[in-house]
Amino acid sequence: MMPDLGKYAGPVLWSYGLGIAILAALVALTLWQGARVRRALAEAEARVGKTDG
Amino acid sequence: MSIWEYANPKRFMQTTAGVLPWLAVLTVICLVVGLIWGFFFTPDDFRQGSTVKIIYLHVPAAMMAINAWIMMLLASLIWLVRRHHVSALAAKAAAPVGLAFTVVALVTGALWGQPMWGTWWAWDPRLTSFLILTLFYFGYIALWAAIEDPDTAADLTAVLCMVGSVFALLSRYAVNFWNQGLHQGATLSLDKEENISDVFWIPLVISIAGFILLFLTLVLLRTRTEIRSRRLSALLSREARA
Amino acid sequence: MIALLIRDLRLAIRAGGGFGLGLAFFLLVAVLVPLGVGPEAATLARIAPGILWVGALLACLLSLDRLFALDYEDGSLDLLVTAPIPLEGVVATKAMAHWLVTGLPLTLIAPLLGLLLNLPGQGYGALVVSLLLGTPALSIIGAFGAALVVGVKRGGLLMSLLVLPMYVPTLIYGAEVVRRAGLGMDGSTPLALMAAITAGAWALLPFAAAAALRANLR
Amino acid sequence: MELVVSDLDVARGGAVVLRGIGFRLAAGQALILRGPNGVGKTTLLRTLAGLQPAVAGRVSMPPESLAYAGHADGLKAMLTVAENLTFWAAIHGGHEIGPALEAMQLDPLRGRFAAHLSAGQKRRLGLARLLVTGRPIWALDEPTVSLDAASVGLFAAAVRGHLAQGGAAVIASHIDLGLAEADVLDLSPYQVRGDASARRDGFDEAFA
Amino acid sequence: MIALLIRDLRLAIRAGGGFGLGLAFFLLVAVLVPLGVGPEAATLARIAPGILWVGALLACLLSLDRLFALDYEDGSLDLLVTAPIPLEGVVATKAMAHWLVTGLPLTLIAPLLGLLLNLPGQGYGALVVSLLLGTPALSIIGAFGAALVVGVKRGGLLMSLLVLPMYVPTLIYGAEVVRRAGLGMDGSTPLALMAAITAGAWALLPFAAAAALRANLR
Amino acid sequence: MELVVSDLDVARGGAVVLRGIGFRLAAGQALILRGPNGVGKTTLLRTLAGLQPAVAGRVSMPPESLAYAGHADGLKAMLTVAENLTFWAAIHGGHEIGPALEAMQLDPLRGRFAAHLSAGQKRRLGLARLLVTGRPIWALDEPTVSLDAASVGLFAAAVRGHLAQGGAAVIASHIDLGLAEADVLDLSPYQVRGDASARRDGFDEAFA
């Protein structure tokens, strides 16, 4: 079911590959940073013992 | 209640916590549908052959790269006028996303240019001004990174964003002094004047929607992270003084 | 104001003040490029306007990076901010002083370097005029950049990253003026546009720069 | 001519360090700020000088009436003593530098580059700057750092002279300045520590 | 030594440490030149090797100027001199740290910029190799220059003057290597010469730099 | 372990400022340098530290036995307190930084960037550096600048501890350090004024 890309297979596949890879990387980075900060904050608040926010 | 309610970090966190999941789901749907449709189920263009398929990444990315900067400009203005921390942090959060889109547009564009124009890169006005936009993204992010007092950094980057926008615009016109360039003009501007048939048009619109949603999702996520890290540093400096 | 101008000029010509260094750097670029690019006269002639302008740009930039940083480090900036003169005035004055010790000399020496890069004969007049109208913009834009990064150690490079993109329009128009003149065409349009940019920059950027400085001091 | 500070909160690095400071300083009075290292003296003085915004409370005084002298002296190494002083005098409306040089006994050094001064000589020049500003209120941060006994005397005399002419001075210092008449404000009580009390201030409730 | 290397690397990646700024500057030069020179692909292709090398040179230079100045201003240098490690070692270590945060990244990103200046296809390999062998020389030569001007406020520009001439041989050979490769010729000779310069510089300049530092401190 | 200085001449900016200084410092002894601003204390200490050559006379001590602390503390703003200290410890052969932090009561601040310290806190960190060098002879230039009374106490204690372990210290200071046992050397008598006496030394007779 893979479409026939003809002589332009290279550019097209590369575009989709790289493009999606970059976006995926961005998403991964965002999630990772989010998780890290959330954890650190939880610890800090546990230490200081505050609950609001 | 005024919309500024949402500018209160706490309020913002609560609201976005509710919205985000739906947004995320919608994003995935649009992106998957748009790109898969574009990649698998669209015919080749008679001139450009299968390379038209690149359009479904290239155009949305390029559009959002520009719009992201505009959104940052607005957020910066809000920060300077009303001093709502959330808007400053939102601008900070948007920058990397915009940069990533810029890179996608550049890469896909370059890969498209190779077969179409016989070169990866040409100093075409549109390309050039886009490259300059990329530079402004770099500068903006670097400035955030270089200054450690958060409010100072917010002010400085906001000013930079405003001044930078002006100069970005100026360069856009300046580069027109050269050749009119290889790059298509607004061939398929959104109000869909004819010269592109539905088969290309519909999936394109869907993936554009997907990119917009992706942008929103990521910005919200990152803003939440920024807010949390602000609270974190506040707590830490308290501890240090305790 | 005057006092400040005089002080900055005096500091510039004192030991280590870096007067004339901008010139020297300009010269070096004009020398290095042929060394890198190779000696064919035709090529050089074609790229001369661009290279000269890029050189001028970099020379300005390098001499700018410590424009406020020095005053910040030795505490003068705190005192200037609390002094009874508007901070915008301080910015403009310092930018002016910078132009006098950098932009102006650059303009005057440029024709010589034009020879090095064998710039076409008709280009020289245009070169001088365009630099004369363009370099003030470089100074004030750079002052804005310097205000942003004052307080950042090693601010120099960061500043170039911030400032150079803003130099683009001036650069394009400036080089365009010279190239057209070289080809015997009329360059009044780009010249006018460049002058407009310079005027606008001097009208607005002092305020932006002053705001940046205030933010940096607290 | 009066400096009135009413329950002032000052912050440094995004966190409040001193809360609820209040005092009034009339012409002819001097106030000495005391407190352990890091209590917030410098922060307070910078806030008074308008170099950083107050978090809460208010500072009222006639406009452009305060002269600030911080840890750094604001001297240009490559200008001579006289040139440095003349510059600051000009900026503040061209007062005479002669008397200032006198008062700080800098006359013999007037032609010397600031780069070639010893630590204490630099400091004296920094203080001479105050005399040429012609401002009524002085805000001084550890003015006698690296001054010898004699110079501290000079400084005390200068301050007295200033007060006598209806000036006022707020001075942060760890050592005894020999200004018996000045009243002392210990900042320790106002210090904000990292405990619960710190948390509910309008300043960054949003963030912590 | 190791401790010093680690400290410098850490400082480089900390806020305001300016890691990656060299890169940004390199990119900027590669963008500005075409903006000044104009878009014709043919011209750009011809000047690409030279411009890329000049860009790398300047990027190194700018990131070098405060190499010792910062340590001098905050007094660390006094303490390093009196510390139980040879000053020559200190110089070499700091130069090495500089290369790791500047020269190496430059080398890696260079091919991309080659695209912007549409460098002929065969040129890329040569570009990377020549930079890999050449940039270390730039770092150590620059360290020597920085040692000479430490203590001079606004030293940056003065330093460029002292250093750029010393960069000339590296520049010429480096650009030559790339150009030859671009024309499909054999560039091994200039490459060898450049490598020799690099080796020699690393063998000798640390001593010169150490001497300069000692002189500057008293 | 002994520091012997015999008729030493030191110059600054091309002119001799002190002539004929001589003293000997045995293990366990401390010497306090006094003298008005500009007499030449800093110059003398820098000469002892080997940062500048002596014009005449000799300084003898075991190699690499002296640790110098000048007006500047040698701290990196963007490194934390602990990182700064660890670095200097590593350079001097990896001593423990724990005790030093203890002694200067910096433990609570160990994770703080040096940029975020107050003047006095910075200074304390600068002194903690001495403890990790493990060097027997300390040469300190106005070590207590901007320290509060308590911190000066800490400092005195640290010096005593050092002396007790057979160390020695030369300290230039204007204020009383509370080191009763230390003997004092007033430099005024050795000062060279700009008069004829100054001209006849081997240093610049070539010119005069």
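The letters A, B, C, D, E and F name the chains in turn, as written, and every chain counts its residues from 1.
Convention: a residue touches a chain if its C-beta (ideal position, glycine included) is under 8 Å from a C-beta of that chain, and two chains touch if they have at least 3 such contacts.
If you're wondering where the values come from, they're calculated on a predicted model, not measured in any experiment.
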- Using direct touches as single steps, what is the fewest number of steps from subunit A over to subunit E? 2
- Task: Quick one: compare the interface residues of subunit D with those of subunit F and tell me same or different, with half as the dividing line.
- Result: same
- Message: What pair of chains is linked by the largest number of C-beta pairs in contact?
- Response: C-E
- Between subunit C and subunit B, distance of the C-alpha-averaged centres to the nearest whole Å: 32
- Task: Using mean C-alpha positions as chain centres, tell me how far subunit D is from subunit E in Å, no decimals.
- Result: 45
- Query: So how far apart, in whole Å, are subunit A and subunit D when each is placed at the average of its C-alpha atoms?
  - Reply: 51
- Item | Interchain centroid distance [CA atoms averaged], subunit D/subunit F, Å | 28
- Query: Among the residues of subunit F, which ones contact at least 2 other chains?
  - Reply: 71, 77-78, 116
- Item | Shared interface positions of subunit B, touching two or more other chains | 9-10, 132, 135, 138-139, 142, 146-148, 151, 175, 231, 235, 237-240
- Do you know which subunit A residues sit against two or more other chains? 48, 50, 53
- Message: Looking at the complex, which residues from subunit E come into contact with subunit C?
- Response: 16-18, 21-22, 24-25, 28-29, 32-33, 35-38, 43, 46-47, 49-51, 53-54, 57-58, 62-63, 65-66, 70, 73, 152-158, 160-161, 164-165, 167-168, 171-172, 175, 179
- Task: Over in the complex, which subunit B residues touch subunit A? Could you list them?
- Result: 9-10, 13, 35, 39-40, 44, 49-51, 53-54, 57-58, 61, 96-97, 100, 103-104, 107-108, 111-112, 114-115, 214, 218, 221-222, 224-225, 228-229, 231-232, 235-236, 238-239
- Item | Residues on subunit E engaged by subunit B in the complex (per definition of touch) | 15-16, 20-21, 24, 27-28, 31, 34-35, 38-39, 41, 44, 115-116, 118
- Task: Provide the residue numbers of subunit A that touch subunit B in the complex, in ascending order.
- Result: 1-9, 11-12, 14-16, 18-20, 22-23, 25-27, 29-31, 33-34, 37-38, 40-41, 44-45, 47-48, 50, 53
- Item | Contact footprint of subunit F on subunit D as seen in their complex | 13, 35-38, 42, 71, 116-121, 123-124, 142, 145-151, 174-175
